[in-house]
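Scroll down for the structure; my scribbles are underneath it.
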């Protein structure tokens, strides 16, 4: 059914026949999705509103388990095991697979403590190590010059775009394998958006990235692979250059031509 | 023409009338303070500072020391808060983060309804059920500071639990999720995100509850004993300002006695007024509550 | 043990502790509710509605006097408190807006809402009971209405502010004077909310005991004369419960049950009105 291009890279994640139904709904939101996610690449998920992009993204770090009653079946393979198993250690899993949300989610604490939070959770207590890694994360997130003189200030004093980069810094500080982005720039102005896109492209050197976006230009600009979803199904996954130029599926073509969605 | 003129008059009349409604509140507050002060003057001028420092309260000897009542009010309120705060936070955490959805609404609603039960009922329960329990546990009368504090804490518990839960519920899901996404446990999230986010609301509501507890009369009158003595033994009978007022106001037989009671009322009003004002101005500026 | 396992353990322990403390708190609350309901059902009988108070030991003893007294006291306090509160709330919302005077009155009312009610009783004693020379129903009414005014005022203020400005503008555009806009448009839009506020305000006042102790005082007989001391359910509960007589105590429980059911019913009605409005 779906057209899945072969992936030239190693796989960071491999979704197999995954179906998902939210609590209190009868209609499944994802139907038998199978999809490889390439390592140290950027994979973009596109598709019309309500097609299930967020739902799929949130299964990768098992966010759905925070709420009772959601049902799912299938497999997601990560480092050789199925992370949907009942024995999966969700706390460890989430330190390996980080997430950035649609809106900035700075915690109600100082800039420094926001970054140090995840590190402290991992048991790092030494001040010097914390200082080093906070600085490195803020540098990697290209926000160090803007904040290094006010690390003790509340994070809420930053602008929206700065807060979003702070959240990225917070996520990369704990050195995850995979980062999940759910429309990370949809609440930002064009300049902040550009800064974040550049940042994401730098990160892919060491981190595998999945990004949900409504903006097809953004997907085309930054991603290596693109998946097109429609009504809970993955319709097509291909290399970004080919998918936008010569889509294999009629639905994909209609969508990228702007005929719907 | 005439019609328009009469409507202009009516307009002005309605504006004045409603202005009057708003002014009445201010007039009431001012007159309460003025009247209380007026009737307190005799005792305050005759007894001076001694009124606050003297422990002995013996109306038959015309001796009026408010210290035991004032200290009693402070201790009973403090103990009640100390018992109530951890339990209220426990209930709030339970209702926001632990209980399954099928329990959240029924338990939450019962707690809100319990907050509406009049305090005289809590006092009655204290007298008939809690005091005998204390008597069995500690001997003595069972009536006293500890019983009063427990009954008081049970009485403010529903209010405090409900407002703490409301404050915690305001934490956006997405903020909690971002902490979970860093590998936080439930407690990590509560500690680092939920409590800091809801802090102002929680503290403000607690101070509000404190303000109410200080002035609460019926929950404690049944079980405190109205004995004007300060004792290290918290199971011993004691008194507080509201308890003294409730028990003795109708018995005052001399003008000095009467004035001493008004002084107590004034002190109580000042304490409660300042506590609530602090809660409002420092913590609840942004957190608006209904009834 | 590494950091993650340790955190997991701490989290589990804390969550268990908070569940236990919740359980303790809930146990106490349901203990009280249970005691109230069991004793209430056991003590309540039809006779209580027929007879007025009687000395301990008498069979023909009831609560008619207290029920009627309670209705009169709360009813009259509502008649005074509601119009004043609504007028004041209207002023804050429609005339004062965000002015300093408006916010000052709001703050003072909020503080008044939590003021010790026994102090209000003392105040009314000084300004009503002393000049009259004796306790009276009217003094109780005054005390209860003083407690009621700030409650009604603040809910009215809040509810009127919720009415959308476009509705007001539409009415002004038709050339209606301000008082007509308020009476016919603003009040109509805020009807359900204001009504809920009144119901909750009545419920709150109906449970007040302390301010009645030395205003309306109490009376063991049926009386509708506001110039004389008047019985109330709340003070009767206090007097009967603290008496040493088993039959009075039992009547006290019945009174407590009736009062609580009345107040709970008002609260539930208030909630239903809000729910219905949200649903609509």
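Think of it as A, B and C in the order they're written, each chain with its own count starting at 1.
To be clear about the criterion, contacts are C-beta pairs under 8 Å (C-beta built on N, C-alpha and C of every residue); 3 or more make two chains touch, one makes a residue touch a chain.
Since the structure is predicted, the reported quantities are computational estimates derived from the model, not experimental observations.
Chemist: With chains as vertices joined when they touch, what's the shape: line, ring, star, complete or other?
Modeler: complete
Chemist: Need the central chain here, defined by C-alpha centroid distance to the all-chain C-alpha centroid.
Modeler: The most central chain, going by mean C-alpha position, is B.
Chemist: Based on C-beta pairs in contact, work out which chain pair has the most and send it over.
Modeler: Highest contact count among chain pairs: B-C.
Chemist: If you average the Cα atoms of chain B and of chain C to get two centres, how far apart are those centres in Å?
Modeler: Chain B and chain C have C-alpha centres separated by 16 Å.
Chemist: Report the inter-centroid distance (CA atoms only) between chain A and chain B in whole Å.
Modeler: About 49 Å separates the centre of chain A from that of chain B.
Chemist: Please report how many Å separate the Cα centroid of chain A from that of chain C, as a whole number.
Modeler: Whole-Å distance between the two chain centres: 52.
Chemist: Which chain B residues touch at least two other chains?
Modeler: 183, 185, 188
Chemist: Could you say which residues in chain A touch two or more other chains, in rising order?
Modeler: 91-92, 95, 121-122, in rising order.
Chemist: By the touch rule stated above, which residues of chain C touch at least two different other chains?
Modeler: 4, 7-8
Chemist: Mind listing the chain B positions that touch chain C in their complex?
Modeler: Of all residues in chain B, those touching chain C are 7-8, 10-11, 13-15, 17-26, 28-29, 31-32, 35-36, 38-39, 86-91, 93-95, 97-98, 107, 110-111, 113-114, 116-125, 127-129, 154, 157-158, 161, 183, 185-188, 208, 211-212, 214-218, 221-222, 242, 245-246, 249-250, 261-262, 265, 268-269, 272-273, 276-277, 280-281, 290-291.
Chemist: Where on chain A does chain B make contact in their complex?
Modeler: Checking each residue of chain A against chain B gives 61, 63, 66, 68, 91-92, 94-95, 98-99, 101-103, 105, 107-109, 117-118, 121-122, 167, 170-171, 174.
Chemist: Which positions of chain B touch chain A when the two form their complex?
Modeler: On the chain B side, the touching residues are 100-101, 172, 174-185, 188, 192-193, 196-197, 199.
Chemist: Can you list the residues on chain A that touch chain C in the complex?
Modeler: So the residues of chain A in touch with chain C come to 89, 91-92, 95, 121-123.
Chemist: Can you list the residues on chain C that touch chain B in the complex?
Modeler: Against chain B, chain C makes touches at 4, 7-8, 10-11, 14-15, 17-22, 24-26, 28-33, 35-36, 83-92, 94-96, 102, 104-105, 107-112, 114-123, 125-127, 146, 149-151, 153, 155, 158, 177-180, 182, 197, 200-201, 203-204, 206-210, 213-214, 217, 234, 237-238, 241-242, 249, 252-253, 256, 259-260, 263-264, 267-268.
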